[in-house]
Amino acid sequence: MGKLHEECGVFGIYGGENTNVVSATYYALYALQHRGQESAGIAVNKDGVIYSYKDTGLVNEVFTNETLGKLQNGQMAIGHVRYTTRDGKHRSNAQPMVLNHIKGSLAIAHNGSVTNAYELREQMELGGAIFHTNSDTEVIAYAITKARLHKSSIEDAILEAMKTIKGAFSDVVMSPQKLIGVRDPYGFRPLCIGRLDNGGWVIASETCALDSVNATFVRDVEPGEVVVIDKNGLRSLKSDIQVDKKGLCVFEFIYFARPDSVVDGTSVHEARKRAGAYLAKAHPVDADVVIGVPDSGLDAAVGYAEESGIPYGIGFLKNKYIGRTFIQPTQEERENLVRIKLNAIKKTVCGKRVVMIDDSIVRGTTCARIVRILREAGAKEVHMRVSSPPFLFPCYFGTDIDSKDKLIANNHTVEEIRQIIGVDSLGYLPKENVVQLAKETHLDFCTGCFTGEYPAETPEEFNKQSKYTKPIEKGGN
Amino acid sequence: MGKLHEECGVFGIYGGENTNVVSATYYALYALQHRGQESAGIAVNKDGVIYSYKDTGLVNEVFTNETLGKLQNGQMAIGHVRYTTRDGKHRSNAQPMVLNHIKGSLAIAHNGSVTNAYELREQMELGGAIFHTNSDTEVIAYAITKARLHKSSIEDAILEAMKTIKGAFSDVVMSPQKLIGVRDPYGFRPLCIGRLDNGGWVIASETCALDSVNATFVRDVEPGEVVVIDKNGLRSLKSDIQVDKKGLCVFEFIYFARPDSVVDGTSVHEARKRAGAYLAKAHPVDADVVIGVPDSGLDAAVGYAEESGIPYGIGFLKNKYIGRTFIQPTQEERENLVRIKLNAIKKTVCGKRVVMIDDSIVRGTTCARIVRILREAGAKEVHMRVSSPPFLFPCYFGTDIDSKDKLIANNHTVEEIRQIIGVDSLGYLPKENVVQLAKETHLDFCTGCFTGEYPAETPEEFNKQSKYTKPIEKGGN
Amino acid sequence: MGKLHEECGVFGIYGGENTNVVSATYYALYALQHRGQESAGIAVNKDGVIYSYKDTGLVNEVFTNETLGKLQNGQMAIGHVRYTTRDGKHRSNAQPMVLNHIKGSLAIAHNGSVTNAYELREQMELGGAIFHTNSDTEVIAYAITKARLHKSSIEDAILEAMKTIKGAFSDVVMSPQKLIGVRDPYGFRPLCIGRLDNGGWVIASETCALDSVNATFVRDVEPGEVVVIDKNGLRSLKSDIQVDKKGLCVFEFIYFARPDSVVDGTSVHEARKRAGAYLAKAHPVDADVVIGVPDSGLDAAVGYAEESGIPYGIGFLKNKYIGRTFIQPTQEERENLVRIKLNAIKKTVCGKRVVMIDDSIVRGTTCARIVRILREAGAKEVHMRVSSPPFLFPCYFGTDIDSKDKLIANNHTVEEIRQIIGVDSLGYLPKENVVQLAKETHLDFCTGCFTGEYPAETPEEFNKQSKYTKPIEKGGN
Amino acid sequence: MGKLHEECGVFGIYGGENTNVVSATYYALYALQHRGQESAGIAVNKDGVIYSYKDTGLVNEVFTNETLGKLQNGQMAIGHVRYTTRDGKHRSNAQPMVLNHIKGSLAIAHNGSVTNAYELREQMELGGAIFHTNSDTEVIAYAITKARLHKSSIEDAILEAMKTIKGAFSDVVMSPQKLIGVRDPYGFRPLCIGRLDNGGWVIASETCALDSVNATFVRDVEPGEVVVIDKNGLRSLKSDIQVDKKGLCVFEFIYFARPDSVVDGTSVHEARKRAGAYLAKAHPVDADVVIGVPDSGLDAAVGYAEESGIPYGIGFLKNKYIGRTFIQPTQEERENLVRIKLNAIKKTVCGKRVVMIDDSIVRGTTCARIVRILREAGAKEVHMRVSSPPFLFPCYFGTDIDSKDKLIANNHTVEEIRQIIGVDSLGYLPKENVVQLAKETHLDFCTGCFTGEYPAETPEEFNKQSKYTKPIEKGGN
């Protein structure tokens, strides 16, 4: 299917006195950049009129002094960063989406994945709708504005639309007068609320965005909740849709969210340290030093070291200047690339038995090269520990993992993988430990990518063979 | 009103064997660049799927090797260039517009101005429509796709939509299988058909675009006609809407179209030479040399010289390197700018009585500076002749003339203007000569900007005070 | 030989009260852009310290608001534009050259070609000199600064250096306190002096640069003259080098200089009109219309028309939007390129016997394509007239003509060329008329490229087989 | 003084069979990027001719596919990255410097600072030399080429030139046939030799550049040594200049070199861990967790944790997307910037007594903000430990520290600084521990910035008040 995945970061701000909502959103998007590097955008609401700028690229590529200067400050703003997917970069898919309907303007920034998007779109087109993009967001926008025709407020329209939209969505919506946060009934993706000193409000995918604008964490948006912020303050509405169990994505703790964020009550850094500790219990080894692969393996390495009593060491230097424009002249030089990005610190590993922690093994190639660098630096033994179980199943709720047939764990046993990457021992986080990582969180989890069991219907259950086998293409960058 | 004017150039190609429709469209847009410098775009149809790229800027700014390389060749393509307006540059207003509806994809490139766009848009929004832009094109797209719900073909849907769309439109439309040209019943804007040697077809705003791709001129699209090109060749359909008289914009001959184009039977160059000849008859003068202000006054100058018997001379050198990025450091240096763009050739004018021809006087400032340059170069007398009557009335059908209160002719008599620009005599083309310029053309003309009489309803007759006093803003470049 | 040719434009300004010397130089470089499109640069002298900015590219590419903003205003400035040569673009060859020597800073902008550059450079290197570029300018700079060691002023050092520097140079030099213009004893390249209303002084390659900054023409710098401008005004020094006859390049009138310039007393436009008139006398033909190939053939076409009595017509529309970034996707589309740049105005040529004037035929390919366009537009006969004699010999004094073996006139008779380009008749300007074109000029001329006879020694007489068979390369753009 | 400081990274490669010396240099410059972010350049030697490309900017800004593509592969190459200094960015100061002298081409990449540069330059100018830049490198180039006039080889010329050049230089030089590394007699800056598997040789400022091209470390270049690599392999020459004691810059271990490098025998990472251990001994404290300020404080934090027994923790998340183009809209938002670059991980520090390690305190402002972030995240106590002694004296040998009067340690006691940055206790590395950090290194050290005692003459001893009070300025970027 040509569908675009929607893992993203969203942010909304309802300013207090003297808040510069544009620059606050700009800063917050930097804090959320890890959630999406394909495109970035800001929509600002000045006296009920919505202005926006968005494009493909990182926040610092999209927003220059020139482009940021075009956005005058206003009373509210929302922002969005979007994940790079296999389907490439399409400017028209950048968000926030801004549109006009009979009741005025509307801006939406969406994080998630609508599982019945094709079905909904077909119904809408039969009613005469036209679509400019092939993103879920436009489908959500239509559902909301359609409901708005006979509902007396935008928030009621959203509650109405939620009855038809299936899947994952943790979105911010901006109308001429209101900033609204909405989270699907399963709560797949995080969404939290913060408060500014001057009385303003903030909604964001992660708490690290709150910190970036100096907002105080208030609480998470609950699954199935619609929070409405306007001049009267914040009100909460609840969808009456009932679900058997919630489904917060456990992958947020393992990989996606930033370590300094707290997601639905649990510190992401702490969850990763715990993963390291569980690994130490499940796969102990006699060794001299524990190192993490930067940056994703560092937190778990500290946890493994503490639990095992083996000293923690800094095993690698990561080159911070390697960016998007790094040039790879020839195929044969590929091998060398990992070496340029990551160099071993010989003094730490030379002559040592090393435990090396990373958060995942996707295809195995990079991993094998890193192990070779350690060996060339003199490591006597290399014991790899992975702070997640093997990915074995696709995600339908907003995480774009590599295609199934390329995932090494789908085609090889653990022993085979051990040989391929060339380590002395290999251990994954046991599946049963996964939900224990976020023990402060009082929601159920979706662990579908590890178990194949999903809390909600998957798209297969909605999609017949439809006309959307080839998407409309709106051109490149 | 915040409405964007829509004077533009459109192009469509249905390739024959081995036609590179993308590069043909790229070349044709260069030929049409004079019709619009704000934005450029190409949509290509490859096996029924439409890919596009568009952005603000000139053709050579929008299409680089990188961006053009993203558009694979296909069987059909349409292209668009858009006029710079007071409302600034908005990427989201770039065309062609590409969208998806229940019957598949559709691309539209529009030239003209829909006079009841706001009324139509309001009706559509009441039916649940949402709008991403504030351009006429999206309104036309909705009207067509809505009609398509109950019409069995795209061409029938277009004929149906024509019943509701008022004003000027000479558009190209591309569906998965067809290339379609459509011209409003008044025929405000030109549109012509050409044929490639290999059997392919071309539709364009002007014949100069046909020449650029080496196509042979076949005929003009008639007012009220819909021409459909598909694998079976070209078919013609006629709208059954009756209008009292046609209304081809006479301004196309005077100013807008390229001199090497032939519009509805009349050579634009010849029409301008004729304007010069009529000027010579209406405003004769005893002089030594006739010069034209480059480039717009050159054709008429040749006509004036021939009719009057006064020698034609080259009076100015125009600097061809002054581009968009020319920097004007200070206000006081404004005076100097005309001098850098245009220098007098002293040998031609020094000690001479000079007849200077230009196609119009808008605000008078630039004109006064040019006259001063001639005087400093030693011209003994300067007699200005203008190859059009004074603009006194607004255009509602697709030409964006300066606002009424800034037009010098609205606030001053001819004698006052003569004094302001500092010439010895001043003569405008008599109003009665205007329709004689294009004597080979068998259509009626719209001369509204000179006479205030329009062949069709103006927007004032449609627009009540609506909510669209402030447009939605979708951000800058 | 890898030597870079040096045809360029130079400009210098010694400001009067409140002159912005930086922006004046910026404007003047636009006026001189036709003399060089490879690189541009400005050096400004503020209180004796010289700041500069230069790069490869057109003036509008090199100088943006950002880069121009880096140059604070000062009391004097010099500027330079450089010709594109076969040797490609090298940033390190951009001028003005700014350097430091024992007496302070020095900036030089050079137009010409030093015929004994290699010999001089070798001598200098034997004395310990090092060179950063392979341009003549650095050799001149060394010669001047070396002489300055034992001469008491920069102007005396220049006079001394002139004794050793052979060939063509019309340069501006800026020291901490002085602006200096210098022209070689033969006067190969033009150089003129202008005055600002506020008392400032200007030196430029052509008078069109004077016009661009609103300066009044004072006089030309004479061959062998050094003019020194400082706080005491302008002083003139004369080199005591005697030459048998002067050698102003006649090509300046035929091709290189801008029509609105007056070079050593003769209007360039007038010289070209005269070339047309001589052509009419030498190669008369019975025809209906005379047209020029834009822009280079227009002046001569007017002259031919006047002399012959055949009406002047506008035969072509030149597309003004085709710039550097125009993309030529495939080889086969080459043919089409001329068609996009230049379109025939059918009404002018259809069914007519056409005289077509251009200033030269270099390889013949483009010419043949233009003729084909005229024929396709319906021209009954095409008679080509060329407003210069055939180029048969190389230029050693600063003009970079195509290599000898590619020049069509070197390999074919006039009759053969006529057939190749497909015209009914072909006539070149007779060699004997060349020096009559500039009859107001009281200098002798160099007509070496037409006759093979040069007024001064050619490089062959200086250069033994030296080590400079391969130049040092300082990298690309 | 306007002199530019010269702290930089240099690299040279003499390729073996099939080595791509251009891409190897490109990769090596990435590894050395931390030594200089102002400019980057590569000079490649192809069959004795030297081609180069260089510009201001980071390696990934200077070298794009387009610019790198201009450099054909050759047999040898040298590269350079340059430090950002107070004097701004000047393209003409980018290196390698490539020039031509009587014996052919020469390229130089320089790291260090010539203390008698002005004196030497004045002498050279008195002999007729001209200078294009105001960098030390041009002075060194002149000294070498001047010596080459009467010496029979480039290496002998270098040994001769070393007799006059005072100060710090660890340079690579490339002649048509040879790659040469040279280190001043004091050995201020590091320089090492590596070998490729295919027999090629590499010279670099740090071993991390050797690792990046997969070269094996051979040995360091010794103080006063000249190593010559050509087709006969590597030869060593020794300067006969005697110095009392060597002077390797101890700051390389503390701050400048990359942790994964080994400088003159000592692992930089290990030296920093030792600094942490010495700190733990000198300034013990009762605390719950030890954290490092990323990235400069991490190594020492591990050392402090190990020595003290207090657990190591990850206290901060550093935003890796904040780049050069980050926009700081208003002054008041400055405060917020540190917060966006660095966020506390609450779980690590909340309710804890925290030891925070960084490598230096320069002005104190940033440090105070970081401490505030820790306190807001709930840290109960913050004890800062600095892994270097206070900087109290200027460096004359190639390190550009902030100006003396802005360094907080010059104006405040330790107790005052403690109050300013708001910590509960503050401890610096004792001066006496500094030379113990690199105990495997058998050279003497320069600790001038901490002690004010320098191993060699400082510029004050050379420079009388000379004309170089204002440098020549060659323009900006």
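As written, the chain order gives the labels A, B, C and D, with residue 1 at the start of each chain.
The rule is simple: a contact is a pair of C-beta atoms (placed from the backbone, for glycine too) under 8 Å apart; a residue touches a chain by one contact, two chains touch by 3 or more.
What you are looking at is a predicted structure, and each value in this text was computed from that prediction instead of being measured.
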Margin query: Half is the threshold here, strictly exceeded: which of C-D, A-B or A-D has more than half of its contact pairs identical to B-C by residue number?
Written below: A-D
Check: Distance from the CA centroid of chain A to that of chain B, rounded to the nearest Å?
Finding: 47
Check: CA centre of chain B versus CA centre of chain D: separation in Å?
Finding: 60
Item checked: Rounded Å distance between chain A and chain D, as computed from the means of their C-alpha atoms -> 38
Check: Where does chain D touch two or more other chains at once, residue-wise?
Finding: none
Next item on the list: Quick one: label the inter-chain contact graph as line, ring, star, complete or other.
Entry: ring
Item checked: chain D residues within the chain C interface of the complex -> 43, 49-54, 67, 70-71, 97-102, 104-106, 122, 125-132, 134, 141-142, 145-146, 149, 467, 470, 472-477
Note to self: Under the definition above, what is the set of chain A residues touching chain D in their complex?
What the structure shows: 20, 23, 26-27, 30-31, 33-34, 58-61, 63-65, 68, 208, 211-214, 258-260, 262, 267, 269-270, 295, 298-299, 302, 305-306, 311-314, 316-317, 319-323, 325-327, 329-330, 333, 336, 339-340, 343-348
